[in-house]
Amino acid sequence: MRILIVNPNTTASMTEKAATAARAVAASGTEIIAATSRMGPVSIEGHYDGALAIPGLLAELKERQGLGYDAAVIACFDDTGLEAARTFANVPILGLCESAVVTAGFLAQRFTVVTTLERSRVLIDNLVRRYGMGDRAKVRASDIPVLELEDAGSGAIGKLRAEIERALLEDGAEAIVLGCAGMTDLARELQEIYGVPVVDGVAAAVKQAEALVSLGLSTSKRGSYASPLPKSFTGAMSGFSPVLKVG
Amino acid sequence: MRILIVNPNTTASMTEKAATAARAVAASGTEIIAATSRMGPVSIEGHYDGALAIPGLLAELKERQGLGYDAAVIACFDDTGLEAARTFANVPILGLCESAVVTAGFLAQRFTVVTTLERSRVLIDNLVRRYGMGDRAKVRASDIPVLELEDAGSGAIGKLRAEIERALLEDGAEAIVLGCAGMTDLARELQEIYGVPVVDGVAAAVKQAEALVSLGLSTSKRGSYASPLPKSFTGAMSGFSPVLKVG
Amino acid sequence: MRILIVNPNTTASMTEKAATAARAVAASGTEIIAATSRMGPVSIEGHYDGALAIPGLLAELKERQGLGYDAAVIACFDDTGLEAARTFANVPILGLCESAVVTAGFLAQRFTVVTTLERSRVLIDNLVRRYGMGDRAKVRASDIPVLELEDAGSGAIGKLRAEIERALLEDGAEAIVLGCAGMTDLARELQEIYGVPVVDGVAAAVKQAEALVSLGLSTSKRGSYASPLPKSFTGAMSGFSPVLKVG
Amino acid sequence: MRILIVNPNTTASMTEKAATAARAVAASGTEIIAATSRMGPVSIEGHYDGALAIPGLLAELKERQGLGYDAAVIACFDDTGLEAARTFANVPILGLCESAVVTAGFLAQRFTVVTTLERSRVLIDNLVRRYGMGDRAKVRASDIPVLELEDAGSGAIGKLRAEIERALLEDGAEAIVLGCAGMTDLARELQEIYGVPVVDGVAAAVKQAEALVSLGLSTSKRGSYASPLPKSFTGAMSGFSPVLKVG
Amino acid sequence: MRILIVNPNTTASMTEKAATAARAVAASGTEIIAATSRMGPVSIEGHYDGALAIPGLLAELKERQGLGYDAAVIACFDDTGLEAARTFANVPILGLCESAVVTAGFLAQRFTVVTTLERSRVLIDNLVRRYGMGDRAKVRASDIPVLELEDAGSGAIGKLRAEIERALLEDGAEAIVLGCAGMTDLARELQEIYGVPVVDGVAAAVKQAEALVSLGLSTSKRGSYASPLPKSFTGAMSGFSPVLKVG
Amino acid sequence: MRILIVNPNTTASMTEKAATAARAVAASGTEIIAATSRMGPVSIEGHYDGALAIPGLLAELKERQGLGYDAAVIACFDDTGLEAARTFANVPILGLCESAVVTAGFLAQRFTVVTTLERSRVLIDNLVRRYGMGDRAKVRASDIPVLELEDAGSGAIGKLRAEIERALLEDGAEAIVLGCAGMTDLARELQEIYGVPVVDGVAAAVKQAEALVSLGLSTSKRGSYASPLPKSFTGAMSGFSPVLKVG
């Protein structure tokens, strides 16, 4: 089984971190392939960055179709382009936020997602509500710019830990979800420190991808995830045009 | 006051139709400027088309910034790229779905949105729920490809009317919202035929834009719609990079 | 276009303030007519005052029907009698709370309504939920009796500002809605001070009224807002009886 | 214990029917006093009638205060004026809809309310949602004008039974709630015919009133049901003014 | 009328306390019979204790069927086994949580439930949401083990009072619900101290039981509460097998 | 990795079917151990059967603790005893309904669960809402007694297929979830017939169990799933008592 991890931002060190996290949990027969977007922002912080990361994401998904992959993971906690990717692909596509909150839901009745910036907090809170966890999960921002997570001396981990401690104290959180792909390397250690489940989205998504492939399940092609209709695309987007059926 | 209408698909005849509808309701002091996306799909039917229409939409919003506009309307009922556009712009940005369901909410306690294809129905239903109208509005698909609305002989209007009649009979609909920018020219006639309010998103959005500008209100720059952070964008997206602050 | 502003309490200075706010935002072709209720309480603070203000409100709406108005605004943030007025009238009727929260919804994903007394807070919170904004808006009371807003020396503005500051700090509010008609004159100044959109219900409702009239839309007469059935009314209410159909 | 039943419409035969239903279920020590509103509409069908029935309702509640009652029931399924009455009174006040749906909730997980006209259906559906039963209860209209329930030859019962049968067949209803005070005499017979619990609001409200009085519980005077503040009321409403405190 | 109070834990002093509370509010013609479970835990603190208390509860309900009772109350605030008991019995079955929150709902628009341990808080919060009160009621834990309520010197009452005070101050609670059967003797005194309604579940459930019996209403046997199907039960549960129908 | 599948009913052929389904999807390193409850009902149809199946379920979980298992699956679609089991165990515990609806949620935006009897439909609908899928999933009953699924000549499959067809036609279902452990052998075939994802709970739960174990995640022991407190259990339940701490 081959699982493609696509980092929808263009920062290769984050891709590497995600790939490492993915390989650490992958089953013995699973090969992890990692790709970094080649067009778009260096990090995804808010709606604007996210929207402009989607073409780069879809380009990676498309380019690797020939080589073959059995499922793909979008390595951003905002679930950037998740719905578009699901209509595009004929394999399962997983997002970090959906995978992580679902995983936490098996372990805890109430939990808290700790993300980076305030601008991402509401965006993720909207996702959490859409995934049906609005009554069970709170979302907190720890005021860390995404790329500070790549910089050991930035003080980011201290801010993250302080916010986790507030979640445990004030929210009655029974588990913690790390709300950014760049935190993937911290999950195990934080779980040991705090003694509650700490869920990382990259790892969670890889296991969901393996599960769906093993089950012979793929995205429904009926209704909202139906394959894109053949039509003309123009300009810089012309490469994304589904083939037009002819007579 | 200048309101920019951006059609996020590349079909100029739809832009023209939307501009006409906009001008028909614009206040005397309002100038309507219309723009058609120059990169992306010819019509937006589902998540894939929508995601790939966003860069074209943002490019139009950006290019016309120098010329000046006081508010902008995204002329697609899927509210394509609405959140990204709001973070980008320092003027009010309106979407058709949000404007239309809000408008219908002043007129009726229960109403039905009639859109085109099944793949758009669930997408719009998700929007309607996010806008808080899930308990009040039902969404129906009338099985009309978007571009058939541009073709008088396609039978599209018959299908649309049949679905409106089902909404009145089965849903207890007190008003109808037309769920596609391509239906904008039909609202008045359908309102006369059925004797209930029929709300068109283009017209509704223009009036909301005028209202916000008159009120001296613009998108909040605090929290989820904060301006994009300065950072590097790569490849085909490099033109979208917010300027990096220096020193 | 003529828009009738009815103050459902009997305090003429509040009517004057609302009319001034309305005129400040009205389009050039819009005439604002203001009316003060002649029966009912001097201010509306809670359910009791509100219920007993409705006949006075409806009387004003009725009396001015002959003179003609194209839409009406009920100048109380509790949306007093809004549903009854909508069944009565054959023109659009706007409430301040519904207009303001809808307007804020175009500008911010999360916002806070700051109202007067605790007894009004829950009432408005119920409205906010009914309008579908329960997940997005918080309601706060600032412990100001309504009529203190008419008294410059009352300290009311200090209390209001303190509560706005708490909303920004604790709620992550991206915009503020002023939750009382008596605060209408403060919106612009507070917006400048705090740098977030500050929405006033009177102004918002006037623009919604203008929008609906321009769009040729009026309250649905099908279903819950159907015109009152002809029947006999007794006692002090006899003047409100719809005409009985004969033969 | 004395329970006051106030019919907020002016039709004495409906009051009589409600009083009979109340007496049939009252405990041995409970005295039922019935009052008919003396100002307002002959029946309550929709928001307009309901709003204009409130002063008459409050007048009856007020006038009988001297004589004494331990709780009051508002004998209309729209829970007309319920919140205003609760702020007014220092005894428990019950509405039919709230009492009936709560009662049905002890007996069934899913149930259907069958009311009279379409215009009342949405109004009651809104109440049902506010009372937290939106996921469990469906509301249906049987197209019966309220006063037809007073006329044995009107065919009203046939329409009501047809709608109950649809509820059982199509909704999976486990119980039925009769959604109009005028149906109070039919509950027992319909329960025998259909073999599911049939809940009448008048009877349910009387038992809730008895329960609250026995428990020594009354409406909270903290927050949203706090007593009306002393202030001046004008015109036809002047009799409703709470006394102004004097220095 | 005979009402059976079953304490689903095995602590007889709690049964006694509940029976005393029940008798204090029972109508003159109501006989209270009390039973203590003879298999299961000494107190119910969380899901595990609750699940294992159900057979003991059902055994008591079953054994007393021959003697006759007209309704039963399950004397635990977790509504332990409520749904199972309702399918079993052909009389009304009441739970403390459902009865108490419904009762509070007639008295207050916002209220707080104060329970014992954190592990019970989320469990009760889930119940409160299921009963439709999620938007109106908050649940707090006061960190009191259940059996400390039986021990006057434990300091439990101090903790409970501190939590009630936080509810009044921070939640805007208009009423308090005591969230444990072991608190039943404290309601009256706390109501006097704090001047807001304080609802005890035992008392509330007794009155609901009386109400349903008086109304001739019993649990629906259609749908989710239908009587258990005749089938074989094995092992320690064999005594619970409904009789198998024979040819 | 060893995964324990516990069938909470006492029908060994259903256990066998579930174990076969589990082994068919288990990873190469996963050993499936199957256990059949030895006390309780032969099938679980509704709340009564479910509640009385929990001790038998917990007994199997307990007895096999010494032998060791890394996760357990409760092989009933009603998620019988899931919360109690989670407090008991220090390994992940999975239910079929939660696992299946979560799995379907990765594949489809709208889907339908098809279960057996009407009495189970509402029970499962309540679960689906609790798991946050109430807006996305509909539940249908196909009127099949559980044990008919064990009888090839019963016509059960015909009824099931008819209900799936209604779901596709009337609900706009994009995927189907099989709502009974006894349907586990039908998923693959039905998926081929209907061309939409068909999710079986047993298989889904096994993969979730594998995922959680691989991720080093287990049920939170903080808050609602905290380990049972040491206390005395009496009578037939005495074997379930957690050990009392001494000194």
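Here the chain labels run A, B, C, D, E and F in written order, and each chain numbers its own residues starting at 1.
Everything below uses one rule, namely that contacts are C-beta pairs under 8 Å (C-beta built on N, C-alpha and C of every residue); 3 or more make two chains touch, one makes a residue touch a chain.
Here the structure is a predicted model, which is why all the values come from computation and not from measurement.
K.L.:
Keeping to the contact definition above, tell me which chains border both chain C and chain D.
P.N.:
Common contact partners of chain C and chain D, which must touch each of the two, are B, E.
K.L.:
Which chains are in contact with both chain D and chain F?
P.N.:
B, E
K.L.:
Which one of the chains is farthest from chain D, going by Cα centres?
P.N.:
Of all the other chains, the one whose centre lies farthest from chain D is A.
K.L.:
Express in whole angstrom the distance between the two chain centres, defined as the mean CA positions of chain A and chain F.
P.N.:
28
K.L.:
As a quick test, compute the distance in whole Å between the mean CA positions of chain C and chain F.
P.N.:
Centre separation, chain C to chain F: 52 Å.
K.L.:
Averaging over Cα atoms per chain, report the distance between chain A and chain E in Å.
P.N.:
44
K.L.:
For chain D, what residues touch not just one other chain but two or more?
P.N.:
In chain D, the residues touching two or more other chains are 109-110, 118, 121-122, 126, 134-135, 172, 174, 223-225.
K.L.:
Check the chains against each other and report every pair that touches.
P.N.:
A-B, A-C, A-E, A-F, B-C, B-D, B-F, C-D, C-E, D-E, D-F, E-F
K.L.:
So in the complex, the part of chain D that touches chain E is made up of which residues?
P.N.:
25, 27-29, 92, 94, 98, 102-103, 105-111, 131-136, 168, 172-175, 188, 191, 195-197, 199, 203-204, 207-208, 210-212, 214-225
K.L.:
Any idea which chain B residues touch chain F in the complex?
P.N.:
Chain B residues touching chain F: 118, 121-122, 126, 129, 134.
K.L.:
List the residues on chain D that touch chain C in their complex, please.
P.N.:
10, 37-43, 45-56, 58, 81, 83-84, 86-88, 118-119, 121-123, 126, 130, 145, 223-226, 228-229, 231-238, 240-242
K.L.:
Please name which positions on chain C make contact with chain A in the complex.
P.N.:
109-110, 135, 172, 174
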